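Chain IDs A, B and C follow the sequence of writing; residue 1 opens each chain.
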Amino acid sequence: MPDHTAPGSFDVAIIGGGMIGPALSLGLLERGLKVCILDEGDDVLRVARGNFGLVWFQGKGFGMPRYVEWTRRSAMLYPEFAAELREHTGVDIGHANPGGLELLLGEEELAHRQHYIGQIYQQGGGKEYEVEFLDRKQVEDMLPGVGLGEDVVGASYSPIDGHVNPLFLLRAMHTRFQQAGGTYLPHHRVSGVRKNGAAYDVVTEKGIVSAPKVVIAAGHGLRELGPPLGLDIPIRPQRGHILVTERTKQILPMPISAFRQTVEGSIMLGVSAEEAGYDDVVDTSTVAKIAERAARTIPALRNLNIVRTWAALRVLTPDKCPVYEESETHPGIYAVASHSGVTLAAVNAKVASGWIAGDPAPEQFEAFGVERFDAQKTA
Amino acid sequence: MLRRRHNDGKVVKITIDGEAVDARAGESVAAAVLAHASGATRTTPVSGAPRAPYCLMGVCFECLMEIDGEPNRQGCMVRVEEGMTVRRQQGARDMERAS
Amino acid sequence: MSAPEYDIAIIGAGPAGMAAAHEAVNVGLKVVIIDEQDAPGGQIYRDVERVAMERRHDLDVLGADYKYGYGLVDGLHASRVTHLAGHTVWQIERSGTVWCSDGKKAKQIDAKRVLLATGAMERPVPVPGWTLPGVMTAGAAQILMKSAGMVPDGPIAICGSGPLLLLIADQLVRAGADIAVVAETTSFTDYLRAAPHLLRALKGADYLRKGIAMRRRLKESGIEIVSGISGLRVDGSDKAQGVSFKAGGRTRSFEAETVLLHQGVVPNTQAARQLRLEHIWHERQHYWYPKTGQNGSTEVEAIYIAGDGAGINGARAAEAAGRLTALEIACSLGEVSRADFDLKSPPWLSELDHHQSVRPLLDALFPPPNEILNPPDDATLVCRCEEITAGDVRKAAKLGAPGPNQLKAFLRAGMGPCQGRMCGLTVTEVLAAAHGKSAAEIGAYRIRPPLKPLSLAELADMETGDGDVTLASPSSGP
């Protein structure tokens, strides 16, 4: 049995085996670092499993132009990221970049969206912002054979939007992780981290794992693990529901924010946002509302059977922008948190991982510091 | 692959893949299809593999068939009715109902 | 908030459900029974009323145990129960609300108590070739006889183990079917050796005596019965053409157009799992069953369970349990005093005990063989819907998938239309073997609504009352 407490076993211990931890680990392994991922058991709160699969650009980063840039960067790196994963593991994560639509029902929704997108553009100081508005006819041309409900007045469109199969992404990252020499330790629930000389002892249910650098990519676990380590970051759970239909012949050529057809043919329907604490039980009213909106948007969806519903808890910051923070009181301990783990997988693997390895922080990180939350509170 | 022990039940006329078939009152669509012909009653959306009913009690979902234009109905849970149109499915369904 | 419309909502109109409904109405409760079949009887007494009235020739073949169910159905009709036939339950809430559908409209039923009487299902039998057309469960053959008066044409191979194996062979022979072979994984010599001692000791010996008599009848009909088989496979390319297996040191093959597989029945736990009830792993019989307290109560005040869905004990035990649980519910609602319960319950407690007492013997005699639980051939399909093999599951285990839910995430196993019913047990066993852990440690799929698929139209058209739901785009919003 390998002794993970021996100093030098690992250069980086990553807490969390969801969308963020494995992505960061791939970049670290590429630099020849020794990495372990500490994960929990099987039936626990795993936000990564509740993922919709959008690689989404439009509408992100309201009030934070740097996040717009960061998101764009990830979308641009995705094809290369996907190709590498396929080459190494044989797993095709189903990434596609056909552009994305946000369908708008009624003039009020359209006006609201136009205002919102307009503001993001202005916040960017006039830099190109790749979102445009389409009228109903143009939307119909983009979605041949898909009958639109009469309330659809138009859409916002971005050529940068895309989608991926989130479960295959997870599997591919885990496969690549182990292939590249990473050590995966499930059933190692972490209760705390403490300083031990030049390194840190990560206290797990199966014993201590030691490393000079620790990354907390544990989703909601950051609420418990962070504060003693100088990482008291205001994340909260926000529930989102997903409905999944039976497999259907391919009909949706692109993701439509609230609807996405997978490579296997199922259509995923969302998107809700409920403040329900840590309750991830499916709520019937929410399911009905999602179904109703879906039926109004694309009436033919009414014919399909729903075979599965999920409720997952987003890891949400007050401004919905991510956290990439190194502790000041405990240098070498990092917190990474975001509800867009899928979209950011590419940039996490290829750029953020470098920051953990010791590279200078990417320029976008100047806006991601957690002191912004205090500023937001007093604003 | 199935035969009726007695043919004295009330005849219910249905079509299976366009062919006129005499089923009997009370039979499930799945049973009527299996009495009509052996072999696959559908092919899977994953690989196109041939499948046929396995449990006949609504648990296995192998008996998925298009009944009166509506795809993916469990044939073992529906009884035959006069004039019913039944089609065996190939792969995944269409989003629209069949005409 | 107004009081629920019903005292009890019973889910399932098999022996447990029908008996519970009858008993509950007798003590003055307002009852609704919801069943996805359009006629009562569950699977064991499926279509018994129709058969009794329109197909008496089939009644004789099916036997006295089946005929018995007619009384229960009759009792159900006689009671003032609201019977929602042809309604599929797709979600149950711990508060006692049941969501169901008649295929066109989703309905909400509010009850003070919910009794799950959803029964059992056949244990999946993953052998090479089990997904070929022509392969069915032994139970399926019985259902065809009961609901359609049909028997398989051409030679039939009946393979597996358990009391039902011989019963179905016997029924098929009497129905004029052509049996190519009956192949048992259990070794008859083993149980013959055990039987004499146990026959004396046990109350439920009639099960065993019936089995021995059936065996003799089959042999007298010239049907070959092979015992102690292993390595069972179904042969054929796009439909079943026969079976092969090893027995007595050599490989044997039999031609067959229909292959009936059977390795006992297991509780259907979908509803109990959706309610997040605690489940226990049955070590000897290798299945999960929900944890119940006194007379079918559970850790949730409004939820009760009776019948094979709580653990396999057969139809007569299910009936007794249904009555006891109905009385227990009536007690919990204050409609029946505990003293009255103690007066009414003894005959049912005794009946339950009688039928439960044979189980340890049956469990010991007909254990599911390891090669069925944990298919040795990597190419054997485990998840039929998503076409995932045993080898795929083992690879994912190596990748670190600690349990069925992470496996689901990696491979899509359990994400098909059957929602894990056919693959759940096998996935747990394969993972347990791969990780060197017990099934209890590995766990099971998390089950979420809908329990059965229902159309988006029905969900969209539902009136749910609570209006405070926000839909958001993934980016903008509140």
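Everything below uses one rule, namely that a contact is a pair of C-beta atoms (placed from the backbone, for glycine too) under 8 Å apart; a residue touches a chain by one contact, two chains touch by 3 or more.
Keep in mind the model is a prediction, meaning the values are calculated, not measured.
Counted by C-beta pairs in contact, the busier of B-C and A-B is B-C. Overall, the chain located most centrally, as judged by its C-alpha mean against the mean of all protein C-alpha atoms, is C.
The distance from the centre of chain A to the centre of chain C, each centre being the mean of the chain's C-alpha atoms, comes to 40 Å. Per-chain CA centroids place chain B at a distance of 23 Å from chain C. Between the Cα centres of chain A and chain B there is a gap of 43 Å. Shared interface positions of chain C, defined as residues touching 2 or more other chains, are 416-417, 453.
Taken residue by residue, chain B touches two or more other chains at 46, 72, whereas all remaining positions touch fewer. Each of the following residues of chain A touches two or more other chains: 246, 264, 301, 303-305.
Chain B makes touch with chain C in their complex at residues 1-6, 9, 24, 26-28, 31-32, 34-35, 38-41, 44, 46-47, 49-62, 64, 72, 76-77, 79. Remark: chain A residues 246-249, 251, 264-265, 300-301, 303-305 touch chain B in the complex. Touching chain C in their complex are the following residues of chain A: 17, 39, 41-43, 46, 48-49, 52, 54, 56, 58-60, 62, 102, 113, 116, 167, 170-171, 174-175, 178, 184, 186-187, 243-246, 257-258, 264, 269-274, 281-295, 301-311, 320.
Those residues of chain C lying in contact with chain B across their complex are 36-38, 43, 47, 50, 54-55, 57-58, 121-122, 131-137, 139-140, 143-144, 147-154, 175-176, 238-239, 257-258, 268, 384-387, 416-418, 421-422, 452-453.
Contact residues on chain C toward chain A in their complex (touch as defined above): 91, 93, 99, 276, 396, 399-406, 408-412, 415-417, 419, 442-443, 446, 448-450, 453-457, 459-462, 464-467, 469-478.
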